[in-house]
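Shared between the two complexes below is subunit A, which pairs with subunit B and subunit C, respectively.
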Partner chain A sequence: MKIVSLLKELWASFNGLPFFVKFNITAGLLFFFMIVFLVFFIVSLRYRKLLIVVKRKSFEKELANMINEYLFLDEYSEKQRSTFITYLKKDQLAREVALEQFLIFTENFTGEYIERLKFFFEEVGLANYLFNVLAKGKWVDQVKAIHILSELKIKNDELMVPFLKHKRQKIKEQAILYFIKTANDKPLEFLEELTQELTLWEQIHIEHSLRYSYIGEVPNFATYINHKLTSVSIFNIRMIRLFNQYESIEQLMPKLNEGNQAIKKEVIRTLTTLNVSNALPFILQNLKDDGFLVQKEIIKAISQMGDYQMLINLNLNLDNPYLELAFQNAKYNLKSTS
Partner chain B sequence: MSKVLVVEDNEMVANAVAFKLQREGYEVIIALDGREAQKELAAHQFQLIITDIMLPYMNGIELIEFVKNNYESIPIIVLSVANQEKMIMNAFQLGVKDFIAKPFNPNELILRVKRVLQ
Partner chain C sequence: MINVDLLFSIFSWLFILYSVIVYVGYLLASFFSFLELRDYKQNNAIENEVPLLKTSNLPAISILAPAYNESVTIIENVRSLLTLNYSAFEIIIINDGSTDDSLEKLITTFQLKLDTSPRYNFMHTAKVRAVYKSKLSSFASLVVIDKENGGKADALNAGVNLAKHHLVCCIDVDCVLEQDALVKLVKPFLNATKRKVIAAGGVIRIANSCVIEDGKLVKVELPKSFIARAQLLEYFRAFLMGRMAWSRIDGLLIISGAFGMFDKNLVIEAGGYNTDTVGEDMELLVRMRKMMIKQKIPYEVGFIPNPLCWTEVPEDLTILSKQRNRWARGCAETLWIHRRMLFNPYYKTLGLLSTPYWFFFEWLAPLIEFIGILFFLYLIFTEQVNWMYSISFFIVIYFLSVLFSITAIFFEEYSFQQYKNVKDIFKLILASFLEPLCYHPLVMWYSVRGNIDLFSRKKGWGKMTRKGFTK
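Presenting the complex of A and B:
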């Protein structure tokens, strides 16, 4: 009762104060409560983060121990397996930690352990979980899911094909890598499914994966040089050159009649690098109709495989300064070697 | 029972190596960086050290140098990725007994540990 009467008294004296004093007191109180709320909010956020870290640490320890037991113990009981599955069902964080750990184990181990890991991964339902993410998840989770499946080499091509046509670049990129990393042979078969041009980065990733991730036989790049997509065709012509596939020269020759200048340029460059000197007459046959970039490539081809007289006989229109530079450079090289 | 010091900054890999070694009857102590390894070396008597090259605070080469200067008799096996050629060459020049490239087969690791300890 005393407090109520005290508050009433306070309110009465507050009402009797001039306006600017009332305003100052109200603003001061508001500011004070805002500060208190903000401090509480930050502390609770920090506390929540701390709880997650502790929980993650505990998951990491438990799950790593379970995976180690599965990998290295000769006897692994049904009970241990169901404990692991229960653990994964606990919450999203446990699944995230388990996925990370499987990835780390896969990156660090080889031999029969990889097969065991893969088997265990499927057995505890993580593969199915990722398939569900692919079917219904957010696009960022889908990217992660494809990455994990490709690292663990878990095959489900049927499910993955639509992602090759996905409008999101990152998903398409991961799907491409998935097909290369999980392939035992013919790693470029997925190219048949592509409907959008390959970006430069995708081409770089494909080449890198072919060199460092794919362990089967080098594919026959000539199979895809007539692909409907220009970038795919160019990529494969370039790969013929980089992987020294001399056996594909015969299939490359008809591509010299190609109307697409970018493809023709790549063919000439490949034939030059592979030093197919008897291709020179065919390279020169449409010289006048060729564009500047192809003509520049032809000059380089003559510089490497032809002679001085051949270069002079080209009778090129050297209006373009870059073309003239290439011509003079070739002239100098051929003169000094003749 | 031989005591092995595993120096590896990735806790999961360190635990997996320790788990496998313990299964084979070795006593294992883990250090997650070079400084921690120095402390463990001062506190225990080890028969073998398995170390990574890329370590925080003190890299594997510095650790090997430290071991060779202070605990010369302890053999060392390097367990690291194969693309650090220069560092691996340095490690062999300093006298490490063996090198295992990551990714590795734990069974192979055990065979090499046994061979070095013989």
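Presenting the complex of A and C:
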């Protein structure tokens, strides 16, 4: 009763205060309680993270042991399998750790063991779990799911195709990589499905997957140099250069008449890298109409495949400072090498 | 005789209006920062950067590092830069007329020889005396420009003139970069789709008390001194809350001069760094953005919340005062140069939100605060203080400041948790309570001094002495 009367008294004195003071006290109290709440929240967040680290370590150890048992024990019992499945149902963290462990095992094993891992992965229901995520999960989980499926080379192309046109760049990126990593041949067939330009980031990852994940025959990149998307066309021209596909030079030459300056620039760079010196007259044929980026590339081509006189004879209009600098540099290099 | 009651009433209403705006701004900043950080974390959940180091398609970068009398640390710093994880980059050290033996040390250590290849001066700078390159193939990516002294902006312009590559990364030579700093900072340029990325910046972290060996960060430690801890809180607020939120609404006006990446051709087109202001980093970005808006080219400015660049903050009050003085002048000069943007709907977010924010809350705030203190002192001396009003005002301001810092600590905890020890969290919380009382009045005064110096036409950077990282 005393407290109630004290509170009433306080309330009465508060009401008697001028407006500004009342406002300040209210705001001050509000801020104070928010501080207390946030401090408590921050500290609990930190402790929660520390606990998760401990829990994760224990999960990692136990799950790695279980996968090892499956891979290396001659008699793997039904009981062990159901223990694993029950373990996965423990909580979301256990499932996350299990998925990570499967990825680690996939990285470290080859051949027959990979097949066994895939089988086990499907058997314990993780593949179905990921398919469910793909069907109705959050986009972040979908990205992870596609990544895991492609690393484990678990195929479900039908489910994956729509993701190639997804508005979320990260999903599209993982779907692209999925098709390369899981392909046995023709790893770039998916390019026909693309409707949005490739970013440089995606191009780099496609290149990496082709070089280090895909194990089939190197595709013929010239097949896609006339793709409707400029970035796809440019990417394939670059790959012709990177994989030294001299057999594609014939298909590249007509692209020198290409109106798209970015594509033309890439073609010239590729012909230069492949050292196709007899392409120089064709490279020079539209010089006057070319933009400065192409002209700059032509100067580089001459400094690599041509000679000093050829450069001087270009008769370029050097109004653009970048062009002039490229020209002077080429002159300097050709002079010092001749 | 001043009508104190009337003044109190006006002051109180203005105060309420100001605090409501600040509070709403603070809430919005927290909200947008949270969204931006969450999206960043989600987008980078399974990021694999190895492909970036193995490809031939990665855009090459020119790192520009101006140096003025950095003889003590320059060799160690260059060595550290040379080991950055990136497949194609050149390092351009611009010796801006140092009076010590920086250049001699560089020439001897890296076996530099004169380079006479053609150059083009896209922008006017102080005279370049010579350009050097190393005879050794292991240092082939190192270029040293020796020029007459012209200040940081001029040195950077000289670097841009000589940069071979399309992207330039401007850094402070004494900063410690994370090994993957370039790989991370280049991402916005790689992910560009329909909008051209003109620049990208990252979060600057405080390296005081951290363990640094051979120019590399080995262990993150909380700064030991209170003054550095207070600056740590300031940096949390500025980067994790302020710039993340501005980045979310495309209103970023500054990329820190300590670490930022730019499209070189656009820098040249915009006219390069302005040598007439000490806030050249902010001024350049504002000018580039203005240029893109005028040309009606869709563009964006990238911002990476990862800790990428570590810098030593001043622990000495004299040096701190010079730094804050310079920041205040830089802010005022940039706002003055681009005054037509203020409240101008043509510049959309920049005109209607960013520049007004910088005007009222970055430039004007310390001045208002200072006038407030003077007024309060006047009232004390004339015995006209209404203590009830005053104390209630003080309480609300104090708790708002603390709340702002605590929220910033939350963002640090939510994002990259560089300080893993629970004790460190408590130390930071304690610093949040002390900072408004023991540190903030100082920086407010330094900003006021900066403005006084600006109006009395005092220029210059002021000498920044560092303790150095080498352990």
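Here, the second predicted complex is superposed on the first by the 249 of 338 C-alpha atoms of A that agree within 3 Å, B and C clash if a C-alpha of one lies under 4 Å from a C-alpha of the other, contacts with A are read in each partner's own complex, and residues count from 1 in each chain.
We take it that a contact is a pair of C-beta atoms (placed from the backbone, for glycine too) under 8 Å apart; a residue touches a chain by one contact, two chains touch by 3 or more.
Fair warning: this is a prediction, and the values are worked out from it, not measured in the lab.
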item	value
Which of subunit B and subunit C A:207 touches, first, second, both or neither	second
Touching partner for A:218 - first (subunit B), second (subunit C), both, neither	neither
Contacts of A:332 with subunit B and subunit C, given as first, second, both or neither	second
First (subunit B), second (subunit C), both or neither touched by A:32	second
Subunit B versus subunit C as contact partner of A:52, first or second or both or neither	neither
Subunit B or subunit C, by number of subunit A residues touched	C
Contacts of A:10 with subunit B and subunit C, given as first, second, both or neither	neither
Partner chain in contact with A:23 - subunit B first, subunit C second, else both or neither	second
Which superposed partner A:140 touches (first subunit B, second subunit C, both, neither)	second
For the subunit A and subunit C complex, residues of the former touching the latter	17-18, 20-21, 23-25, 27-28, 31-32, 34-35, 38-39, 41-43, 45-47, 49-50, 139-140, 143-144, 147, 169-170, 174, 196-197, 199-201, 203-205, 207-209, 211-212, 238, 242, 321-322, 324-325, 328-329, 331-332
Subunit A contact footprint on subunit B (complex, rising order)	10-13, 15-16, 19-20, 23, 102-108
Subunit A contact footprint on subunit C (complex, rising order)	12, 16, 19, 42-43, 45-46, 48, 50-52, 54-59, 117-120, 122, 187, 189-193, 265, 388-389, 392-393, 395-396, 398-400, 402-403, 406-407, 409-410, 413-414, 417, 422, 425-426, 429
Contact set on subunit A toward subunit B in their complex	60, 64-65, 67-69, 71-73, 101, 104-105, 107-113
